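Some structures are shown below for you to check.
There are two complexes below, and they share chain A, which is joined by chain B in the first and by chain C in the second.
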Partner chain A sequence: MIGTAHQIVLPVVLPLLAAFLLPLVGRLHVWPARLLGQIVGVLHLAVVAYLWTLVGGGETIVSALGGFAPPLGIVLYADRLSVLFLLVLSVGILLFWPRREHGGTRADTLTLLLLGGGSGLVLSGDLFNIFVFYEIVAVASYGLAASGGNAAGFGAALRYLLLSALGSALALLGIALVYGAAGTLNLADLSVLAPERLSGPMGLAAFLLLVLGFGVKAELFPVNTWVPEVYTAAPTRVTAILAGVVSKLSMVVILRLLVLIFADPGAQTLLLVLGLAGVIAGELAAFRAPDLNRTFAFSSIAQLGLVAVAFSIPDDLGIAAGIAVAVHHAVVKPGLFVIAGHWTGPIERLGGAARVSRPAAIAFVLLSLSIIGIPPFPGFWVKLLLLGEAFAAVDPVYALAGAVILAATVVEAAYLFRAAALMWEPPEGDNRPPAAFPLARLAPTLVLTLLILLAMGAVSPLGEALEAMAAEVGDAAIYVGNVLPGRI
Partner chain B sequence: MTDAMLLAEALGDVLYTGAIGLILLGLYAMVVPRHLVRIVLGLLLVQSGVNLFLVAVGYRPEAAAPILLGGQAIGPVVDPLPQALVLTAIVIGVGVLALALALVVRVKDVHGTLDSREVAERMAAETGDSRLMPETAPGRGAAVPAREMLEDRS
Partner chain C sequence: MKGYGRAVAATIFLIGLGTLLAALFAALPFGQAPMQVGQATAVVALPETGATNIVSAILLAYRGLDTLGEVTILFVAATAAGMVLSGAGRGEAQGAPAGFILRVASGLLFPFLLALGAFIVVHGHLTPGGGFQGGAILAAAFFIPLLANPASPLNHTVAMVIEGVSGAAFIAIGAAALFGGEAFLTPLFGTGTPGELFSAGSLPLLYLAVGLKVGSELAGLMARVAGEGGRA
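Moving on to the complex of A and B:
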């Protein structure tokens, strides 16, 4: 089923257009510019909701831009996976919209660039366009990382930029290898040609370069050293967007590449190893982290490692588990980062937090329980799905991966329970309790906690929708058939 | 095979060797020196190497530039697509490098050093364990105003 709704370009075009208009309008008056940005943000959500009504039943929208047919023309491709992550992006950015107008409209402009670039990233059906949109997202995120105006923010943004730009150069090298071997950059076309032209060591090298490049934003081991620095130095809203949303968009790109082009055991093993390394390194570092911000930064690395492990399982349900972990993390972690961004300082000083602000402490406990995977929270079903798939996989190495994930969960529970327990105790000695939490600042966390509680009641319909989505994503033939009818 | 053809074939190999060499040189310059400007220059070398590699992918011996006169190619032409990609990549690269240098200037302003390790140490001190309760770590009190500024803008 193919539709050709041209509204598919709107999520990319609207924010980009607004991003370039904003500084001009902002020179006259700041408030109309900020209003324009917010209107575009809401419009984006409306368009995405409309797109969901089009693809929700399993249809696909393929749009050949400018009327040039693929594989020579550039296509945008929207199926349920793309639109789901557009939705995550849109809601995440609206929840963490810049609130006050420090520095005029800069933060608004960068946020809109991130929104437009991120939309392009999940919709692109062409390897080079993915690279371009990835760069737009990257540049916007460098600016946002430095937007706190603090000294550490500039240092962290620079080190992040250097690593990320190096990663992008490597990804471009990977794209050059792919093009040299296959002579095309259209994902569907590549999917047809890959078994013949990209199956050898050359293909694996190209995949490694692409994963190292796109893995920078996806916080994959070993290109994630920027994560703790940026997440502690950047403003809370930026941390929430980068950890919650942007990392998942890169993961979607890696999933598409893996399914469509590099569907061979070598590439899957590579992703599995990188993912497991992330899980182990992330959870151990989180256990030893001195404050909540760093704890959640490292735990975020571990969670994205779980996503990589899930995607590496050669089975549709593995993909389903990966999407579930990604979306669950996108809902839970921004909420936790809001709390961490207010209650900074050593974890030992959290004593008395629950007395100061009960809603924040309760939200912290609920979200932590879900992320550890305690029933009946959605996180439990997510981890159950992942572990079930890992232990059911044919290759015994996945059973080992499952065991590692179980052990990592114990570590995760240890440090989150430690922090949660401290909150309900009186402050130690003559320490002052942490600062009270203004409800306005806590609002995004409360919204996200509510989402988690609502999802608790809808686990089985969500699971079925997820399985249908994964079956569609995992079948490269569906993608090729939609983009290049007649090539299968 | 004429000498000219052999030369043209060899040129392709020289391009690849040069590209890989530039990338390795750039990687070295990004990893070993601690001076931030040198690291940025290393990034420039890596980007140039990758761009050269991309151009080399489209190279064909004895082919002309892909300029069509009257819609007709006169002889064999090199692949135009990598050239278009490189053009885009160069533009992106220039933008990113300019941003990197701008950030280097800001880092020098706020940290007073261009040594990447010293910058990392200062950042760790500023965002470290002590930022909520400065009295626990004497000498780090300066970290607090910056943190307040950060929260103000969140």
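Moving on to the complex of A and C:
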């Protein structure tokens, strides 16, 4: 009944509709409201799975909202990249749906808004519309960061809000520059006009402002100072969603901007430098971090730095490597944050953890091995792809980046092995071993570990699918041809 | 020493940002911006949508998803603020009532503000104004009596029902087009005769939903903040 192309708006508006009605239902009783939220989460996943059947073979869906043809109207654009990250968003949010946090059903409402806003962020083909959805995601994140109901959470959320507001102002300034110079906001239209109107220092400045703005959520250096505090103070489930999913959605936006509008060496070098700074700062800080939560927060900064480095390589395989790092991190890191959220306190007190809860310790080791990049785990293939691209790139600066990434991997291995080894040792002195891990709390980690083990058996089909996806994403002409047929 | 270092860093950052912006603005061709989309929209907006207020045509038709997003941002901000404020516990406003003149005047103002707000919302597709502006006036109509007499609390349940239903109505009107095989937010009912109250298809309905949602949301948020402030 509903036309095939126009359904791509459903992942955006279904959660928003439910979010508007949730407080009303919650007024009557709490549990129907919570049930409604989770049902809509499952529906979202079903719609996304259906969309994958439409675009999985390389087709694209474009819907001009309101029936107004671009560039005057707003378009939604779904290709394999957007639907893949919709899937990551949907699964991540379902796995980490908030428990009954303080504030009644507000956490459920905010989660739905995060789901709808995040879907809009990856689907939208209009620069200002992307900013609107980015703001929805941002404000929902502050609320969720404070949803633990403790003073530390409020403080962290407030500082997160201040930095994020600065970032949004910078992004808006960047959008104003783009609009002032090109006179349009549609990504495809901008892609056509960019070589003429957005080259040179003006375009580079606009890209810098946009990257700093969207980089706040993507944990890019230097606008990532909120990360360790929020990830430590927020409820574990919120941390898992912010680190695993939300950060990746912002990277997708940055990738689209880079490919479509700012495909010049200046912008690529800028992203490379910011990414490398994130890798170095993140891994060194993670090495010195006192507890698991902070370790993984800093390691998350480093991993997103890797994504930025990969995207900056001017080649389709660089994009493939970046998507691979992003998806791999989205699977592994939330699982590790669940463990860190239960075994808080100094790392030295982890002694005896493996005796208390063997499944948690085993999952920790498996996920850590994958994130370091030990064969045969998927993380190894991901890093191999990235390093291969870095050393094969024409510009020698990428070889230097590859060397930095190798050195960072050694640091990463050192702190993860140290923590893992401690778990299998008896508790030090008269310390008590960490608290036992209830299996229900560990369940998301076990699911994600299973995913990693399954991916081990499917490395070559996954790799081929990734290359096909990257070739589609990396070609601006495909995007422009789909949105504005006749302009190329 | 730490505070001193921060001040220096902030100064350097501001000087850098200022220099960057000054250089950019100097490079922008002032007064001759390439208004591609703006000019094209100005030509086609009236025939395509039937709304004589072109700003409304852009907000509701060409960029309708942005407007839904902006309404949502207000909603998410109110929800997040509620999350933070509910940590302080709920309490009724305890401020003293205002003087006689203010109390009487606020009662007298109420119907006029209500009428003005409703007029601006309903005529949004014809004259300057619309859902956001009219909604803010509607919110003021309910908030001024509350300021004059803090003992008369706003009916939060009613505000919440209006807010939820009007937000859902915006999406329902947009989604109705999906069932006809059209894209989300495609205007319904044709364009009508431009300039008449009943024209521009479903755009006035969307503005009505925006006006009610913004009004109830702002009133609820202001009442909540005033209540917490009065208690503290």
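Criterion: the second predicted complex is superposed on the first by the 482 of 488 C-alpha atoms of A that agree within 3 Å, B and C clash if a C-alpha of one lies under 4 Å from a C-alpha of the other, contacts with A are read in each partner's own complex, and residues count from 1 in each chain.
By definition in this document, a contact is a pair of C-beta atoms (placed from the backbone, for glycine too) under 8 Å apart; a residue touches a chain by one contact, two chains touch by 3 or more.
Please read these numbers as outputs of a predicted model, since none were measured by experiment.
Undergrad: Taking chain A as the common reference for superposition, should the pair chain B and chain C be classed as clashing or as fitting?
TA: Fit.
Undergrad: Looking at the overlay, does A:Ala146 come into contact with chain B only (first), chain C only (second), both, or neither?
TA: In the superposition, A:Ala146 touches chain B and chain C alike.
Undergrad: Regarding the shared-chain residue A:Thr232, is it in contact with chain B (first), chain C (second), both, or neither?
TA: Only chain B is touched by A:Thr232; chain C is not.
Undergrad: Considering only the touch criterion stated at the top, classify A:Ala176 as touching first (chain B), second (chain C), both, or neither.
TA: After superposition on chain A, A:Ala176 lies in contact with chain B alone.
Undergrad: Considering only touches as defined above, state whether A:Pro434 meets chain B (first), chain C (second), both or neither.
TA: first
Undergrad: Of the two partner chains, chain B (first) and chain C (second), which one does A:Ala157 touch, if any: first, second, both, or neither?
TA: After superposing on A, A:Ala157 lies in contact with both chain B and chain C.
Undergrad: By the touch definition at the top of the document, which applies to A:Ser300: first (chain B), second (chain C), both, or neither?
TA: A:Ser300 sits against neither chain B nor chain C.
Undergrad: With both complexes overlaid on chain A, does A:Ala205 touch chain B (first), chain C (second), both or neither?
TA: In the superposed model, A:Ala205 contacts chain C only, not chain B.
Undergrad: If you stack the two complexes on chain A, which partner ends up touching A:Leu166: first (chain B), second (chain C), both, or neither?
TA: The answer is first: A:Leu166 touches chain B but not chain C.
Undergrad: Which holds for A:Phe128: it touches chain B only (first), chain C only (second), both, or neither?
TA: Both partners, chain B and chain C.
Undergrad: Just to confirm the geometry: in the superposition, how small does the C-alpha gap between chain B and chain C get, in angstrom?
TA: Comparing every C-alpha of chain B with every C-alpha of chain C, the smallest gap is 5 Å.
Undergrad: Taking the contacts chain A makes with chain B in one complex and with chain C in the other, which residues are shared?
TA: Touching chain B and chain C on chain A: residues 102-103, 107, 128, 132, 135, 139, 142-143, 146-147, 149, 154, 157, 173, 180, 185.
Undergrad: Which of the residues in chain A come into contact with chain C in the complex?
TA: On the chain A side, the touching residues are 1-3, 5-7, 9, 12-13, 16-17, 19-21, 23-24, 27, 63-68, 71-74, 102-104, 106-107, 109-110, 113, 116-117, 120, 124, 128-129, 132-133, 135-136, 139-140, 142-143, 146-147, 149, 154, 157, 173, 177, 180-186, 189, 197, 201-202, 205.
Undergrad: If we count contacts the way the header does, which residues on chain C are in touch with chain A in the complex?
TA: 20-21, 23-24, 27-28, 33-38, 40-41, 44, 48, 61-66, 68-70, 72-73, 75-77, 79-80, 82-84, 86-87, 157, 160-161, 163-165, 167-168, 171-172, 174-175, 177-179, 181-187
Undergrad: Residues of chain B touching chain A in their complex?
TA: It comes out as residues 23, 27, 30, 36, 39-40, 43, 46-47, 50, 53-54, 57, 81-82, 85, 88-89, 92, 95-96, 99-100, 103-104, 106-107, 110-111, 116, 119-120, 122-123, 126-133, 136, 146-147, 149-154.
Undergrad: Which residues of chain A touch chain B once you look at their complex with the stated criterion?
TA: Against chain B, chain A makes touches at 99-100, 102-103, 107, 128, 132, 135, 138-139, 142-143, 146-159, 161-162, 165-166, 168-170, 172-173, 175-176, 179-180, 185, 229, 232-233, 235-237, 290-291, 293, 341-346, 349, 431-432, 434.
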